[in-house]
Amino acid sequence: MTTAEPVLTVRGLSARAGGQQVVEHVDLDVAATGVTALLGRNGVGKTSTIKAIMGLVERTGEVTLAGKRIDGLEPHRVARLGVGYVPEDREVFSALTVTENLRIAERPGVEHRYDLVYEVFPELKERGGQAAGTLSGGQQQMVALGRVLINDNAVLLIDEPTKGLSPRLVQEVGRVLATAAEVAPVLLVEQNLKVVRDLARDVVVLTGGRSVHHGDAREFLEDDRLTQRFLGVHGGEGESA
Amino acid sequence: PSESDDSGEGDNGSAGGDAGSETAAAGGEPTETVKVGIIYSETGPLAAYGAQYKAGLEAGIDYATEGTGVINGKEIEITYRDDTGNQDTAIAAAKDLIGQEYQILGGTIVSGIAMAMAEQAEQNEILYISGPAAVDGLTGINDYTFRSGRQSLQDVATAGSFLEGDSQKVVVFAQDNAFGQGNLAAVDAILGAQGAEVSSVLVPEDATEFTPFATQLVDADPDMIFVAWAGASSANMWQSLEQQQVFDVAPVVTGLGDSVTFDAYGPVAEHISFLNHYFPGAPDNEINDTMVAAIEEAGETPDLFSPDGFVAGQMIVQAVAEGDDVDGMIAALEGWTFDGPKGEYTIRESDHALIQDMYTAKLVADGDSWVPELIDVVPGADVAPPEATGK
Amino acid sequence: MTDVGGAADSSPNPTTAGTDPGAGTPALEVRGVGLQIGGARILQDISFQVGSGRIVGVIGPNGAGKTTLFNLISGVRPPTEGTIHLHGRDITGSSVTQRARAGLGRTFQTSSLFPGLSVLENVRLASQAEQGGALSLVRFPRAGDDATGRARELLQEVGLGRRLRHRAGDLPHGDKRKLEIAMLLATDSSVVLLDEPMAGVASGDVPALTDIIARLHRDHGRTVLMVEHHMEVLLGLVQEVAVLHFGTLLAMDTPEAVMADPTVQSAYLGETV
Amino acid sequence: MSTIVLLLITGLGLGAIYFLVSSGLSLIYGLMGVLNFAHGVFLSFGAFLGWEVASRVGATSWGGFALSLVVGALAGAAFAALTERFLVQRLYNRHIEQVLVTVGLALAVVALFDGIWGTDPTFVRGPGWLDQTTTVLGARVPNDRFVSIVVAVLVLLAIVLFLKRTRFGMIIRAGVENRSMVTALGIDVRSAFTLVFTIGGAAAGLGGVLASHYFGYVSPVLGQTLLIFAFIVTVIGGLGSLTGAAIASVLVALLQQFANYYLSGTGDFAVVVLLAVVLLTRPSGLMGRKAL
Amino acid sequence: MTFDRSTVIRTGGGILLVVLMACLPLLNITIPGILPGPTYQPGALHMLALAMLMSAVALSYHLLLGVAGLLSFGHALYFGAGVYGLGIVLRQWDIPLLPAMGLTMVIVIVLAHVFGAISLRVTGIPFAMVTLAFAQAGSVLARRDPGKLTGGEEGLSLNTANVPDWLVGVSDTRNVYWLALVALVLTYLLVLWVQSCRAGHVAEATRENELRVRVLGMQPYAVKLVIFVAAATIAGGVGMIYLLLQSSAVPHAVSADFTISLLLMVVLGGVGSRWGAIAGAVVYVVLTQRLAVLASSDWIRDLPAVLRIPLSEPMFILGTLFVLVVMFVPGGIAGAAGKVTGRRHDSEEDDAPITDVVAEP
């Protein structure tokens, strides 16, 4: 844990999806700078935790953003307070063009940093007129990341950005995440422990919808006993499981 | 013609019920009360006709009992029930009243209800005096059923007075439904029998576009066009006839409805030749004046179906006065000739057809609106329907 | 990788995919199956066999096409190429219903139950499906009949014996998984496809569920094909592993051999080159 | 020949009115999955208020006519917006209940209109020119049909441009595809839904004024009568597809017109048969599953 | 079969209610504000019979919506087919009532198979639309009077030549009343039967999860068709009694309005509950009848226009009530009653007969 005030704190969060309890009790802090990784096996509720912070699923518990309670707010209000969200399956609008996908993300009242987006993803400029649905998975991931980078955010919630990407793209996304983390703190869900090792400073580990471990990222990944127990892998091998 | 009543359009599905009852004012020292049930459209699509009928009926009872509501020591007690234009509701009300031993039922504007009521009257052996419903099938249907209005055949026969000379070509322009087909059959029966060559342009009931059918009328090159049209689409229909210049081809005859419909004809109104059942200025007699005055005094407006109610009142009083049981009432009414708002009426003994005068009229502009003007009175005997054989 | 030895009890295995170790026709055979959706190749040229009575795992990264492969086998969607055989019979053109009747059962990646019905009713429907007469207007399911009795037994077996009258939709996640397996057991299907049975199961529940699956194979003699990301569980259960990657079948071999394969390591286990 | 021309052009006129009703239905369904039974009520309301205003400022003047179009559209829009805000929105994502609520609303409001304007048709007049005819290839075509066609085409273009060119349009197209993601981007998608209802209501209100000239009257049930055809049009065109609705409107109106004239009034049956055939061969309609 | 206490109480209560209903024509009970007169008189009996027949049709609609989850906007077609079918058969042929009813039944069943087979090719909203369109075609047909069969707008009156005397005439209303009671009890038992037989259970499962049913090796399409035909057959049967009660067939019986009123009854009563369907139908009939009376009452007439106009339209009040129920009382009458009595507790033991958890009255 860092000593500075965390930008986002979550206490006793629980959430329901599809009529069932999927998150039972999650506590976590997102440090004011850098990347905090949210880890856990498949289906432990990482995505649901992020959605619960956004307000996209029914939830109870306390969520505080920069000292302000946001757990009663609707998703669009949460977003307007500066929470950027990159969903697990990219969720680009396939009928809209790439440019439209970026434009729709423009939040009123903040500066729109197209230059930054086009700098890290020059491809998005080239393919501005293409329907997002026809993009490859990797390109769609760029759109999804571009959509949050365009605004000035207080915190970014990024869910498995490397999922299903080729190794080369994984590296590229890793580079972008590093850039993103420079402008805003990030809560990152990631299965690829190599990416986590490269980026994250803190980790929070979930099991069965509960947060069971908080700590320094490096220490956690180094500790075989912990990674074996919580992720079913040897952290040292940097594998996904 | 368009004053008919068959529409049933906008059947809005309620099974609404038995209305509150009102009792006619009593006078003298009655020894017994005779309960009369009137089932009519107080609400629903034909509520306006219902109001005319009811106002006429009250005036008629008053006139025939000299304002006492009592005749020969028998007090007439009227219960009104709302049929909402809905057959199920009407039947439910009728059964309720019959179950309470009512011996006289009356009313209704809707032909379908009238037919069903006639059926109930026969099954339960009570007297039924139907209202403005124009359906021909009611005439001669059974011993227990009478009518206080006119029937379609009388309308059609009135139209015949616009024909001059023999072997003319008449085209019936009507909706292809029971009402339109009935009118076509009537024209065929009456004008055809007078030597006219009758053909038709029938418009599918659910068609919304009448212009192509109007051009068919032009192509037929008739000597007279008889229009039988009911319902909301009539304004549109008249406009189509005008747009396709049908009025230049031959005289167009139709029935004149109640006053609210005058505007529906639009600017073509002055080109139409109307046959007519009644408008307040048509008859010239004392009873009519009395009726008009009584209705206006009651805060209502005399209109197309006022005499139907008035005559119903006269018939009820006659039946109550002269008959002690249903058979006696039937005997009292059959063959009865009396003076009413349209002059002399006769209830034909064989089939209970109500023989009465009819009118021809035209609409003339009066400022922004239209008013009817009498052309001619057609004597009742000239337009008497052929005798029905059913009964 | 740890615990590779956990699969030591598996019988000696052929080294090439597609050879049936047992005698006779394989329980399930997939020949040259492929699927294209709107130009995208989701699966291509998948061929393998599963011998009768064997238990086989399917692994591969997210989006590799594992669920899609199950959908093709169970008939939820038709393949664009290739054929599928069940006990030697070509079932490629058969409907989901026909395949189920021929003895093919499956679970879904996200639990697929009758959420509004009771737990017992869920299993009873499954066990009655076996008896036919689903359209019967003259047969009444009753508390004491065979199907109900069997449903009870099975629910006892998977540990849901005290939840019979619960609404299935209100069960905790792990119990839903167990319920699905009970339904599968009730249908008597000879070949069963399990799509990530451990997904979302709290770690405390994993051993119990693993045991149920093991019994499904061992005691009930079903041929099992299962997708599972939970490697520990998988390696402890299966006799063979198939690896899917970007819609192709990368390898199919004993767990030990697969884990040792460098291509698999880089493709699935994520060792970037 | 001239009969065919007459049937074609008047059929297009009727199709234009069907389109004005079904465009809103289709948009609403596409975005929200709500089958709006109250849509006919928006139409009647637009027609009634349009006529109330026109008859006060002079129904036969062009100014009165134009004003009635504006008022009709506004009335339909306002009614629709309120419906969305207070009824539909509260049943977030409960589609069957949303349908039921619109069914109940339609029942109640038609009855209310009965009470206010009476069940009798209210006859409607417009500028004299509308009642006159223009001769096209020997057919005397009433002028109001041309007005309907022009308005429908303008509405189609306006909605397409709106969806394609404006930010709101973009949000609506995105919302059709993935509603929760739009929210997660900081956009209150509910106002987009209200807007879609409002646009649909405006088109219906406009359609109501034109329909009242086409039929020559307004009555409380006018909208509900047209609604059944609009449903059929929407399903044939593909729920959610605007171009589908446009094509299907013309198809249905022409089929109805020709079958009524040449096949002794079987227009309605022909339309039902067409619906059955389309559903059996292409269950998602001619242009199903597309936003535009 | 083993019974638990609540089943016994409910069955006993049901039987008692039926016996009470059967005795009504012999008693002199007045319920002011609800019945138009004392119960021995034809007016009240007619209304009660109507309410029972509507309850029976609502029960058949409950099979569609509550059991199989099929939102149909065309159920009136089969009710209407029963009404018109019997009317036409009795008018066209000189055959006794019972064979005529049998023949009508056959017609309804064939009709239901044909239209059901087509409509069930689609699901959800398109299913609602197709059924609406078919029913619309049926209602147009009835209004058009093809071959002078249906009597058009005016409807078709019952030809009593072959109807036994004890069913004709106002004084025999109580016989028709008893017939309606028998029809309702029979319908209830039929619906209970269908719900508890295999097909009924599979239909409920299909409503919950269609793909699951297929994966278990059963055919959802066939099951839905069975339920569709069963519901249509019941509706047709009730339609025939309705014809005897009303003595005439009118286009309203086939209209979309009629289906919507069925929907109204079932939703008011609580979707998925048999007693709810009955309660909803009774409430609907009573309200339509009595609201009309209310509408014409003096105190409404004296109200200012803003209140008078809405209050004097029964359908406005019903429609509003319906909207309120959908929005605020999702379980309808049955749900609200269940909440009050707190009957639906979860029990951990399972010795009771297994009935499905949702569709229990």
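Labels for the chains are A, B, C, D and E, by order of writing; each one numbers its residues from 1.
We take it that a residue touches a chain if its C-beta (ideal position, glycine included) is under 8 Å from a C-beta of that chain, and two chains touch if they have at least 3 such contacts.
To keep track of the chains, here are their UniProt names: A = Amino acid/amide ABC transporter ATP-binding protein 2 (HAAT family); C = Amino acid/amide ABC transporter ATP-binding protein 1 (HAAT family); D = Amino acid/amide ABC transporter membrane protein 1 (HAAT family); E = Amino acid/amide ABC transporter membrane protein 2 (HAAT family).
Treat the numbers as computed from the prediction; the structure is a model and nothing was measured.
Here the chain-to-chain distance from subunit D to subunit E, counted in touching steps, is 1. The minimum number of touch steps separating subunit C from subunit E is 1.
Among the pairs B-E and B-D, the greater number of C-beta contacts is found at B-E.
The chain with its Cα centre farthest from the Cα centre of subunit A is B. Distance between chain centres (mean CA atoms), subunit A to subunit B: 79 Å.
Note on chain placement: the centre of subunit B and the centre of subunit D lie 38 Å apart, centres being C-alpha means.
Centre-to-centre separation of subunit B and subunit C, using mean CA positions: 77 Å.
Centre-to-centre spacing of subunit A and subunit E amounts to 54 Å, using the average Cα coordinate of each chain. Multi-chain contact residues of subunit D (touching two or more other chains): 110-111, 114, 265, 268. Shown for subunit E are the residues that touch two or more other chains, namely 140, 144, 260, 312, 314-315. In subunit C, the positions touching at least two other chains are 115. The residues of subunit B lying in touch with subunit E in their complex are 6-8, 11-20, 42-43, 82, 84, 86-89, 91-100, 110-112, 115-116, 119-120, 123-124, 135, 176-179, 205-206. Contacts from subunit E toward subunit C in the complex involve residues 1-2, 193-194, 196-199, 201-202, 204-205, 207-209, 211-219, 222-223, 226, 230, 346-354, 356-358. Remark: subunit B residues 10, 12, 44-45, 47-48, 176, 203-209, 211-213, 215, 232-233, 235-236, 239-240, 242-245, 260, 263-264, 266 touch subunit D in the complex. Interface residues of subunit E, counted against subunit D in their complex, comprise 71, 118, 121-122, 125-126, 128-130, 132-134, 136-137, 140, 144, 256, 260, 263-264, 267, 309-310, 312-320, 322-323, 326-327, 330. Residues 74, 76, 95-97, 100-101, 105-106, 112-118, 120-121, 124-126, 128-130, 133-143, 148, 152, 162-167, 183, 187 of subunit C are the ones touching subunit E in the complex.
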